Amino acid sequence: MTRDEVRATMLRVLGEIAPEADLAALKPDVAFRDQLDLDSMDLLNVVIGLHAALGVDIPEADYSSLATPDGCVDYLLGKLQR
Amino acid sequence: MPILTVDMQAGTLTAWRKRAGDAIKRGEIIAEVETDKGLIDVEVFTTGVIESILVQAGETVPTGTVLAIIREEAGAPVSVTPSTPVQPVPVTPPTARPAPAPPRLVAEVTGRVRISPLAKKVAAELGVDPASVRGTGPGGAVTREDIERAAATRPQAPARPAEAPDRQARMRQLIGAAMARSKREIPHYYLGTTIDMSQAMTWLTEENLKRPVPERLLAGVLLIKATALALREVPELNAVWRGTEAAPSPAIHIGVAISLRGGGLVAPALHDADRRSLGDLMTGLRDLVRRARSGGLRSSELSDPTITVTSLGEQGVETVFGIIYPPQVAIVGFGKVVERPWVVEGRIEARPVLAATLSADHRVSDGHRGGLFLAAVDRLLQEPERL
Amino acid sequence: MAGAGPAAPLPPVPLPVNREHALELLHQMVLIRRFEEKSAELYTLGKIRGFLHLYIGEEAVAVGSMQALSADDSIVATYREHGQALARGIPAGSLMAEMYGKANGCSRGRGGSMHFFDVARRFYGGHAIVGGGLPVAVGLALADRMQGRPNVTACFFGDGAVAEGEFHESLNLAALWRLPVLFLCENNLYAMGTALERHQAQPDLRLKAQGYAVPSEAVDGMDVLAVEDATRRAAAAVRRGDGPFLLELRTYRFRAHSMADPELYRAKEEIERWKSRDPIGLFTARLRSQQLVDDTDLGAIEARVATQVDEAVRFAEGGGWEPIEDLTRDVYTPVQP
Amino acid sequence: MIKMSYREAVRSALREALRSDPRVFLMGEDVGRYGGCFKVSHGLLEEFGPERVRDTPLSESTFLGAGIGAALGGMRPIVEIMTVNFSLLAMDQIVNNAATLRHMSGGQLSVPLVVRMATGGGRQVAAQHSHSLEGWYAHIPGIKVVVPATPADARGLLLAALREPDPVFVFEHSALYGVDGEVDEAAAPEEIGRAAVRRVGDAVSLITYGGCVGKALQAADQLATEGIAAEVLDLRSLRPLDTSAILASVAKTHRAVIVDEGWRTCSLAAEVSAQIMEGAFYSLDAPVGRVCSAEVPMPYARHMEDAALPQVAGIIGAVRETLGSHG
């Protein structure tokens, strides 16, 4: 999958969790928590959504690398290439 | 002591006309008794000899008390008293049950909501549409409480921008009314304690490693299960106020406070939280959050909780003292899990801890019982594997 | 005549009687006496409740007067009605059961001691409102007269009732319409706690009938034969259509007005004096002097009465209670489909 | 159908009853030679003779008690008590004998007795002759109470009363005797316990009986000109009350005003109002209104008597109040 496809998937999953969020204005390098009103349940649902969409396993320990939009895409790409 | 007047319960034996050993004949006056109507002679109905006097002159005794023992004369015409034992048992008719009430005609209410005038007035004030409220009054009629409960817990439809502002104000108003009433009517008492979460957090991490992603657990689920099991030990906190006293609820439905996008709060019920596994609770919790935030909650889920748990740890709050949701009688608060110095066998260690609080209705329980409850939650969280 | 005490005692009239009839009269009087004594006993045991007015001492009035009435004649009595009910032939068991409040009572347990009814024997009740029965008696007589039936309606009432307006209205209406009413005033000298002279300006009660052109006679209410004779003559006149007749039957109750009465209003000596003319005692003495009865007869009567009273109590004890579901039954007549 | 007065309708029923049943006879003060103080029984003495049309002495308690006794004895007496005011003298016979004997005798006795009385005020005859006490009688289990408001009902309800095995009390408002109306002399007797809608409406239910039915209809006419359709329900009997008809009307209009010439406190209107509260609580959009007589001994002076009695204006005011409080 290309970087853009991964990014689109991430945004789709985010949109299901926080429909009212303005995803277009998402800053790539700022933590999700600081841009969107997400709590631990939302983050869990995002992880479950990505796992379902991309088939990648995301251990709890790796949550910190998903903190920002770009970090998340890079992490996912890394997982997919392996 | 004979019954001598219509409603005589007791009598004072003022004088004996005969003494022990005297012979007496049926129909003779044997004594004199003071009743509410005055002095009345006591007639004897057996013929024989007085063996012993049991009640002395001047004594007041209830009717039916044996005054003297009489040995009936063998040959005398036995006064054929009916099968009455010496102790006269007044023949009481069957216990007086109220007669079956005549069937009461009630007009068929068609084409309009069955609602009391008071409830209609309050519904207008609180902007609640009576037609949407399930009535608990006579014949399913909607009552004031029904309206107020609906108002306080009405699900917040996702804030559509167009009507967001007044929907927000309306929401604020409804929660305000319920909270004001709670503060006004419920004498709250507050207890807090700090719980060492190290066991729980360690166990959670190991557990999530074993679980596939969709079945992963959040710390909140442990807190909910611990609360539910602790309520089994202090059931009076798991009750509903019925206007004059609390009715303990057989089931434990934990209302989970869920904040909504753009403000507002609902606390739908996780039914039978004490009997469900952590995984099942997690699935339930995720479903409640999803539907709360998409406006898909059922009104029964909103009116079913027997107690509420609120957890503001996410927002960085360390200690939260909640306000009880009427008609519940308690609310449990959990703060953020934070690293704190913790004395372990004289040494200081860093330990993940959180502040657990209880606000409870002093009409129903007191500090002592509240304290037992928090201690139980703490104890249960030290053995997470058994939750 | 104003303020005269109770009318002068009446001369005893020796009346012939045959043995068989004498025994029947005596048996009925003894039955009433023992039935009332048993009622008093059962009241003290709490089996009979409410108000209980005993007839002891007045037996001759009920037994004597009832001899003159046919089965088709009507009886209207008062709350002191046990004597009339027994003399009229209502079974002692159904009366006792009624006082127990049982469903096998003569009024299904609804009336109690003061309200016996037996329409088969045309016994139209005990009436507890003093004077309340008189207008009803007038109506019963009116119905008989309008339907051409040669019946008499015997209406018993006490000396207290003569103070009620309904006594005067009833006498007037019965006289005016020449109705077959036999007014039987049981003058026992006391209206509950008020002696006759203290409630009647004219205590010679039979004179009151003259105000309504109604023939009247005073009778020694302690002499069963005198009562029977006077009632037969009066009933015959009434049945002939001469209009109503009033008998003032002078008698005396040996017991209190009711079970709850400490009798402060009359002297013990007066009671004893009247007891010397006990209607049963008087009659028994006369029969003995005429060798009409002997001890075996008397013993047989006492034994037969004892059995009757015992069976009556057993019948009452055995009776069931009216089901509460029947509470409103008979308030109205059920609508025939 | 022929037009006749209320008085003639009652007479027609009396004559029909006397002719058809030998057990029937009329008894009361001045019912014979005088022809009845309201001229109701005029001519009946000549037709049926003194045995069956009996003038009585002024002894209400006794001739009513005699009516009870004659009923027990197999007759079907009709006792006329000139007005409800004099019936107070016979209350003991009514309550303790007529209403009670059947139940107290365990069902043995039956008292098939009809008692007729004039009732109500409005003729300047002052307090002792102007009472409207039918509500008292409606309180007594064991008797029935009918209140005919029209000549047709005056005939129909009297004939129905004569078929009842238990005592029936017929109250004829004294102001109605001269009122004309259509009567079918072949009609079957009416059914006791059925109310009648005299005017259909949907805005408010005017529940009334007897002498007040006319006033309620006048009020309804006036309200109609203001677009308010008032329903007028004539109760026709006060015991038993036709509760289902009352509730059906209120369930439709959601408002009720009860018009009753009795004094307001503990009145018949109070009972009807209680039944509406019990049975139609959730159908009510306003408190039940009551228009009753002022609680005062009826004064003689006309303007004072009119002020005391329920009037059309008062009815309209009460209706406005129930509509007004709707806002």
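By letter and in written order, the chains are A, B, C and D; residue numbering begins at 1 in each of them.
Operating definition for what follows: a residue touches a chain if its C-beta (ideal position, glycine included) is under 8 Å from a C-beta of that chain, and two chains touch if they have at least 3 such contacts.
None of the values given here were measured: they were computed from a predicted structure.
Among all pairs of chains, C-D has the largest number of C-beta pairs in contact. Chain closest to the overall centre, judged by the mean of its C-alpha atoms against the mean of all protein C-alpha atoms: D.
Using CA-based centroids throughout, the chain positioned farthest away from chain C is A. The mean-CA centres of chain B and chain D are about 53 angstrom from one another, to the nearest whole unit. Put simply, the C-alpha centre of chain A and that of chain B have 48 angstrom between them. Between chain A and chain C, the centres computed from C-alpha atoms are 108 Å apart. Remark: chain C and chain D have CA centroids separated by 41 Å (rounded to whole angstrom).
Multi-chain contact residues of chain C (touching two or more other chains): 328. Pairs of chains meeting the touch criterion are A-B, B-C, B-D, C-D. Taken together, the chain C residues at the contact with chain D in this complex read 74, 76, 105-111, 115, 117-119, 124-125, 127-129, 132, 134-144, 146-147, 153, 165-166, 169-170, 172-173, 176-177, 328-333.
Interface residues of chain D facing chain C in the complex, by the touch rule stated above, are 25, 51, 54, 56-57, 59, 61-75, 77, 92-93, 96-97, 101-110, 141-142, 144, 165-166. Against chain D, the residues of chain B that register as touching in their complex are 104-110, 112, 114-117, 139, 141. Of all residues in chain A, only 18-20, 37, 39-41, 44-45, 47-48, 51-52, 57-60 touch chain B in the complex they form. Of all residues in chain B, only 2-6, 26-27, 35, 37-40, 43, 45, 63-64, 77, 79-84, 88-91, 93-94, 96-97, 99-100, 102 touch chain C in the complex they form.
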